[in-house]
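Two complexes follow with subunit A in common, the first pairing it with subunit B and the second with subunit C.
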Partner chain A sequence: MGAMDTRGQTFVQRLSCVPESNGGLTAFRRAALEWVSEHGFPTTRDEAWKYTQVSPILDIPFTPAQQGMDLGLSPGWIDQHAGRLGGVRLVFINGFFAKGLSSFEDIPQGAKITNLASVEGSFSQSLKDQPNAFTALNTALARDGAFIQIPKNVVLETPIHLVFVSGTESEPTMSHPRSLVVAEAGSTATVVETHLGAATGTGRYLSNAVMDVALGEGAVVTHIYVQNEAETAFHLSHLGIRPGAGSRVTTHSVALGGRIARQEVKVMFNAPGAQAVLNGLYMPMNKQHIDNPTAIEHIAPQCESRTLYKGVIGGQGVGIFDGRVVVHPGAIGTDSSQANKNLLLSDTAQANTRPRLEILADDVKCAHGATVGQLDDQAIFYLRSRGVPVQVARDILTLAFADEMLNLIPMTALRSHVRERAMLRMRAEAQEVIG
Partner chain B sequence: MIERSILYYYEVITSYGLGEVGQGVADAPMGTLQTDIREIANREYKYGFVTDLPADAVPRGLSEDVVRLISAKKNEPEWMLNWRLKAYRYWVQLKKSEAEPTWARVHYPPIDYQDIIYYSAPKPKKALKSLDEVDPEVLAMFNKLGISLAEQERLSGVAMDAIVDSVSVATTFKKKLADVGVIFCSFSEAVQNHPDLVQKYLGSVVPYTDNFFATLNSAVFTDGSFCFIPKGVRCPMELSTYFRINAADTGQFERTLIVAEEGAYVSYLEGCTAPVRDKNQLHAAVVEIVALEGAQVKYSTVQNWYPGDAEGRGGIYNFVTKRGKCAGARSKISWTQVETGSAITWKYPSVVLQGDDSVGEFYSVALTANRQQADTGTKMIHIGKNTKSTILSKGISAGFGQNTYRGRVRVGKSATGAQNHTQCDSLLLGSTCGAHTIPYIEVKNPTARVEHEASTSKIREDQLFYCRQRGIREEDAVSMIVNGFCREVFKQLPMEFAVEAQKLLSVSLEGCVG
Partner chain C sequence: MLNIKNLHATVGGRHILQGLNLQVGEGEVHAIMGPNGSGKSTLAHVLAGRDGYEVTGEVTYEGRDLLAMLPEERATGGVFLAFQYPVEIPGVGNLYFLRTALNAIRKQRGLDEFDAMDFLEFAKAQMKLVEMDPSFMNRSVNEGFSGGEKKRNEIFQMAVLEPKLAILDETDSGLDIDALRIVASGVNALRRKDRAMLVITHYQRLLDYIEPDHVHVLANGRIVQSGDKNLGRQLEAQGYTGLNVPVTAG
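Coming up: the complex of A and B.
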C-alpha cells in the first residue's frame, strides 16, 4: 500500500466524521483513520489483494449509513432468510443494533451477549494493528456490533446467532459492524454470523465487518459465517482469531452473495497446542467476484491447522482462494495442511488459487494442494444413460461437490437452510446455461 | 569435459581488482568423476580464483553514451543500436517510476546502477592460430575450471576468440554443425552474419519492455550465444555455453537466443561460475527460446555463481529472465535447472504454450545454504488447445538460506483441454532456514485440469538412523538423502551435468549439517 491517491482521499472524506465517543477511544479511532490516510487503500500490486481490485468500490460515493432504517424487516422475514436456530439472536441493521428484532432467550448464567456499544471500553480490547485500510476504517467508524463473553467452563448448548442486515433506499451507504467474542478458559460456544441484503432497498451498499475472537485456554469455538448479501452489494469482512493454549476453533465460511465480496480469516497461534480448522465454500455466479483470503500464523509450537476451501464457479464468476500459512522460527511441531478445490461450471468462469506456505522452522509437517477442474463427463454420461436430464445430472454432481463442505456444518436446521441458499445460487447459474 | 559437446566460453575480464588472491584449488577438476565427496577437501567455493588480464572497459555507469559506446565497440548495425536505445529509454522510465521488482521474497540493499561497469573485454585483439599463442594465464584458468586439455585445444579456438573479441569459432565442430545447417555462434557474430534471423526473433519472446532487469539487459547486453536449428534437423551434439564473470564491479549481461524450426531438436547446456569477491555483482541475463511446429528444445543449467561467504558478504545477484515460446503445434520446451550458487537468485524459466498440443516442462533443484536467498520457479502460460505442462521443483534450505518456489500456471480462455501437474517439495536442514511455496494458479477455461501438490519437511530421524546404524557418517547420510530427494530432477540432466550437479550439491552442503 502506498500513499493515498485522490480517489482514496475523496472516499475517506465522504465518510469523514469519526463518531464521538468517550476518552481514549476517540483518539484510537482518529489514529486508525490517520493510518488509512498514510497507507492508502490496497491495490492489486499488494500481494494480499492481487486478484481483487478495490477501485470499483472506491468509485462509488458511499456515505455512512444512518440509524433507524427498517428496510421492511420483521422477525418472520429474518427467520425465513437467516434461518431460525433457537437461542439468542442479535439483529443489526446497517451496523446499528435492532433490539426489536432480536431475542434474548436462554442466556446462560454469567454469559454476556449484547451489543458492543452498550459495553464500555470494549472497542479497545480489539485489534491494535491494522491489517488493511478497510479494517482500519472499521475501527475508525464502527458504530455497533455484537459483544459475546462466555465465562470460564461454561458450555453453551444453543448457538448464538448474529444477523447483519444491510440495505439502502437511495444513496449508496456503508456500514462497519464490529464484533468481539471472548471465550474464556474451558468454555464452549457456537457463533453463527449471517450477512444479508435487506427485504427492500437492496441497492448499492458496502458492508465492512470485523469480528475478533479470543479463545482462552482449552476453549472450543465454532464459528459459522454465511454471507448472502444482495448481488448489487459489496462485502468485506475480517475474522481475526487468537486461540489460547490447547484451544480449538473451527470456522465454516459460506460465501454466496455480493458483487465483490472478500471474507478474510486470520488465525494467530500465539499459544502452544491449539488447533484451527478452516472450512470454506464459495459460489460466485453471474458477474460475482468472491475472494477468500486465509492467513494462519504459527508462532507458538505444537499447533495444528487444517484448511479446506471449495469453489463452485459459474457464469462470469471469479472465485479466489488465497491461503497463507506462515511457520515462524521456533514453531516446532507445527502440523499444517491446506487444500483448495475448484469446479468451473461455465466457459467464462474463472478460478484463481494461491495456497502459500512460508516455513521458517524445521521440525514441521506442512502440505498443501490445489486443483481446478470441471464436472466429470463420464459421471454425467452415467446419469444421463439412466434417464436423468443433463441439467439435473449437472446439478446433482455440483451439489455433491459442494456437499462435502455443507455436511461439515453442525446443526441440521442451519445446514438445511444453507444448502437451500446454495441450491438457489446454483439454479441462478443453471438458468443462465439453459437460457 | 563434455566429449560430445561444443563449448562456448564467455567472460568479462578486466585488470580491476589486481592483487586479489584467488582461493580456488586446481586439483579437483569439475568434470572428473569422483565418487567420494570427501576428496573434495576444500569447503570454500572452488571456482573463486581471479585471472588478471588487461582489459578494455567503458567508464563506470550507465548513460545513453555508454549504450552507444557498447554498440560501437561491437560494430553493430543501426537497427541493433536503435533497439538498445529504445530499451535504455524505457529502462530510464522504469527506474523513475521505481519499477524494480520488490515482490520477490529476497532482500538486498538498493543497487547503484551507476556504479557498475557495463562493458569490459580483454585487450589483445589479434586472431590466434594455435594453443601456443594463447595467453598462459587463460590456459591456467581453464585448468582450474577443470576443462580437459583436448577440450582446451578446441576451446582455445573458441575461448580465445570469445575472450579476445567475442567472436567465436570452433572450427572442427563448426564444420560438423554447418554440414547439417545448424548455426551456433556468439550473439555478436550473429548480429553481423545473420541479421535477418536476429531481427526476426530478438525480443519476440522477451520483449525489451518485459521487466526491469530484462529491459536493462536489452540496453547493455554485451554478448551471449545464438543458436539456430533449421527445419527437420536434429542437432548432432549437445550445445553448451559456459559463463564466467571474472572482473570486479562489472555486471554481466548476456543474451541467448535459440530458434528451433519445424521438427528440429536441440539440447543446450549452460554452466556458470564467478570469482570470490566481497562486493556483490549483478548478473542480469536473458534467454529466449522459440520452438516452431514439432520442434523440441531442452535447456539445462547448472548455476554455480559465487554465493558469497558464510556471513553473506559478496556473491552474485542472479536476476535472470528465461522464457521459451512453443510457437508451433506439438512443440516442446523443457527447462532443467540446478541452482546452487548466487547470493540471490531471481529466476523463473517460463514457457508460453501457444501452439496446440505443445508441452512445457520445468525441473528444478534449488539449494540455499549460508545466507543465500532464492526466489525461483516457473510460469506456464497455456494458450493453445490440449497443451500440457509439468512442474517439478525441489527446494533445499540449510544454514540461514531462504528458498522460495514461486510459480504461475495460467490457463487462458482458449486453452481447451489444458493440463498441468505441479509438485513442489522442500527439505529443511536446520532450524534457521526457510522454505516457502507460493503457487499462483489462474484458470479461465472449465475443461482445464490443474493440480498442485506441495510438501515441506526435514530429513526424517528414522532415515538418518538407518544410515548411521550401517556405519555411514551423518554428513554422508544427509548428502545421500538429499541426492535421493533430487533424483527425479537429476534424471532429466545429461549425464555429465548430473554428475557435476550431484557433486556441487554435496560441496554446497558441507559444513551445513551435523
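Coming up: the complex of A and C.
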C-alpha cells in the first residue's frame, strides 16, 4: 500500500462521516481514517491482495447506507434464507440493528448479547489494529454490529445467529458491520454469521464486515460463516481470532455469493497450547471472484493449526486460496498443516492457490499442499451407464466433492440449509452449461 | 433385439473393431471369447456409449439406432454394462447412487419413483442374490471394495436395474473360485426369457457356470468363429492359436 491516489480519496470522501462516539472512541475512528489516507488502498502489488483488484470497487460511487430501510424483510424470510437455528438471532440491515426481526430467546445466565451501538466502549481494544484500508474504514465508519460476551465457564447450548442483510433500491451503498465475540476462560459457544442480499433492489452494494473473536484460557468457540450475498454485490470481511492459552477455535467458511468477495481469516497465537481448525468452501460461478486469504501467526509455542479449504469453480469464475502460516522464532512445538483442493467445472474457470509457509523456529511440524482437478470422466460415464443424466451425474460428483466440507458443519438444520444453498449455486452453473 | 453390422471402432489411431457382425435375439446368452487385445472390452464400451471412440457401422437395439443414443438413454432403454473395472466414487453413497439410477429408469418406463424406504427394502432383497452385506449400501460407490466385492456390486446393480440386455465385461477377472461361484450364481438367477446377455470373457471357466446359447470368437476386431457351448471347451483345450486365426501384435 502506498499514499492514496485521487480515486481512493474520492472514494473515502463520499463515505466519510465519522459517527460521534462515546468514551473517546471518536479518536480511534479518526485515527483509522487518517491511516487510510496515509496508506491508501491495497493494490495487486501487495502480497495479501495479489489476486484481487480493488479498482472495480473504488470505481463505484458508494455512499453510506442509511438507517431505516426495511427491504421488505420478515422473520419468515430470514428463516428461509438464513436458516432457522433456534436460540438467539440478531438481524442487521445494511449494518444497522433491526430489533423487530431479531429474537432473544434463551439467553443464558450472565451472557451478554447485544448490538454494538449500545456498548461501544467494549470495542476499544479491537479498534487499534489496522490490517488493511478496508478494515480501517470499518473502524472509522462502523455504525453497528453484534457484541457477544460469554462469561467464565458458561456453556451455550444453542448457537448465536448473526444475520447481516444488505440491499439498496437505487444508489450504490456501503455498510460496515462490526462485531466482537469475547469468550471468557472455560466458556463454550457457537456463533453463526450469515451475510445475505435482500431479494429486492439493485444488489449494488458493498458489505465491509469485521468480526473479532477473543478466546480466554481453555475456551471453545465454533464460528460458522455463510456468505450468500447478491451476485452483483461486493463483500469484504475480516475475521480476527485471538486464542487464549489452551483454547480451541474451529471456523467453517462457506462463500457462495458476491461479484467480488474476499473473506479473510486471521489467527494470532499469542498464548501457548491453543488449537485452530480452519475449514472453507468457496463456489464462484458465472463471473464471480471469490478470494479466501488465511493468515496464521504462530507466536507462542505448542499451538496447532489445521487448514482445509476446497473450491468448486464454474463458468468464468475465479477462486483463490491464499494461505499464509508464519512460525515465529520461539514458537517451538508448532504443528501446522494447510491443504487446498479445487474442482474446475468448466474450461474457463480459474483457480489460484498459494499455501505459504514461513518457518523461523526449530522443532516444528508443518505440511502444506494444493491440488486442482476436474470431474472424473470415468465416474461420469459410470453414472450415465446406469441411467443418470449427464448433468445430474456432474451435480452428484460436484456435491460429493463439496460434501467433504459441508459434512463438517455442526448442527443438522444449518448443514442442510447450507447444502441447499450450495446446490442452488451449482444449478446456476448447470443452467449456464446448457444455455 | 441387438443387431450389429460392420462395426468399426478406432481409438487413439488404433483400429480396434474391424467390421464386427453379431445378432442377439431376445433372452439369448451369447459368450464372446478372444485373446487379449482382440477388441472384447472395446465392444462392451462402444455398446454402452463410452466416448473417445470413432465409431462407424450400424447397431440397432429393439429397432432403434443405438449409436445415436446417449449412454443414459441406452441405460434407461434397458442396456446394462457390468464393468471390468468398476469405478470408485468417493463421497457418493451406494444406496443414493443406485436409487437415483433406478428412479431415472423407472421414470422412463412410466413407473412411480421409489422413496428411500421402499428402495431400501427392495435393494436388501436383491443383495441376497450375490450374498452382499447390507452395510455396503452405506459406503461410497465401490470405494475400498475388494475386487470380488466390486464385481458382486455390479451384479447386484444389474439385479436392481433389471436390464433387457446385460453386457458382462470380464466379470470373472480377478475373482477367486468362491467369488466366481457367487457371482455366476447371481447371474444365473437373473437369466430370463426376456433378458439377453453378452458375456465377454477370456476363459472358459466362467462358462462352466453360466452356460451360453452361443459362443463367438473375437480376433483382430472381428467375429472369426461362432458355435454352441462346445466351442468354448474346444478353445480351452487348444488355445486361441489352435484356431488358426492370424493374431497380430497389439
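We adopt the following convention: the second predicted complex is superposed on the first by the 431 of 435 C-alpha atoms of A that agree within 3 Å, B and C clash if a C-alpha of one lies under 4 Å from a C-alpha of the other, contacts with A are read in each partner's own complex, and residues count from 1 in each chain.
Quick note on the criterion: contacts are C-beta pairs under 8 Å (C-beta built on N, C-alpha and C of every residue); 3 or more make two chains touch, one makes a residue touch a chain.
Worth saying up front: this structure is predicted, and the values here are computed from it rather than measured.
J.: Per the contact definition in the header, classify A:392: touching subunit B only (first), subunit C only (second), both, or neither.
T.: second
J.: Return first, second, both or neither, reflecting whether A:384 touches subunit B, subunit C, both chains, or no partner chain.
T.: Second partner only, subunit C.
J.: Identify the partner contact of A:401: answer first if only subunit B is touched, second if only subunit C is, both if each is, neither if none is.
T.: In the superposition, A:401 contacts subunit C only.
J.: Give one of first, second, both or neither to describe whether A:47 is in contact with subunit B, with subunit C, with both, or with none.
T.: Touch partner of A:47: subunit B, not subunit C.
J.: For A:13, using the defined touch cut-off, is the partner it touches subunit B, subunit C, both, or neither? Pick first, second, both or neither.
T.: Neither subunit B nor subunit C is touched by A:13.
J.: In the overlaid three-chain picture, which partner chain does A:362 touch, first (subunit B) or second (subunit C), both, or neither?
T.: Touch partner of A:362: subunit B, not subunit C.
J.: Give the label of whichever partner, subunit B or subunit C, reaches more residues of subunit A.
T.: B
J.: After superposition on the shared chain, which partner residues are touched by A:352: those of subunit B (first), subunit C (second), both, or neither?
T.: Touch partner of A:352: subunit B, not subunit C.
J.: Identify the overlap between the subunit B-contacting and the subunit C-contacting residues of subunit A.
T.: No residue of subunit A touches both subunit B and subunit C.
J.: Which stretch or stretches of subunit B touch subunit A in the complex?
T.: Residue positions touching the partner: 103, 105, 411, 413, 426, 428-458.
J.: Which residues of subunit A touch subunit C in their complex?
T.: Touching subunit C from subunit A are residues 376, 378-379, 381-390, 392-393, 396-397, 400-401, 403-404.
J.: So in the complex, the part of subunit C that touches subunit A is made up of which residues?
T.: 48-51, 70-72, 74-76, 80-81, 83, 86-87, 89-92, 97-98, 100-102, 104-105, 108, 141, 157, 161
J.: Flag every residue of subunit A that touches subunit B in the complex, lowest number first.
T.: That would be residues 45, 47, 50, 329-330, 332, 342, 344-374 of subunit A.
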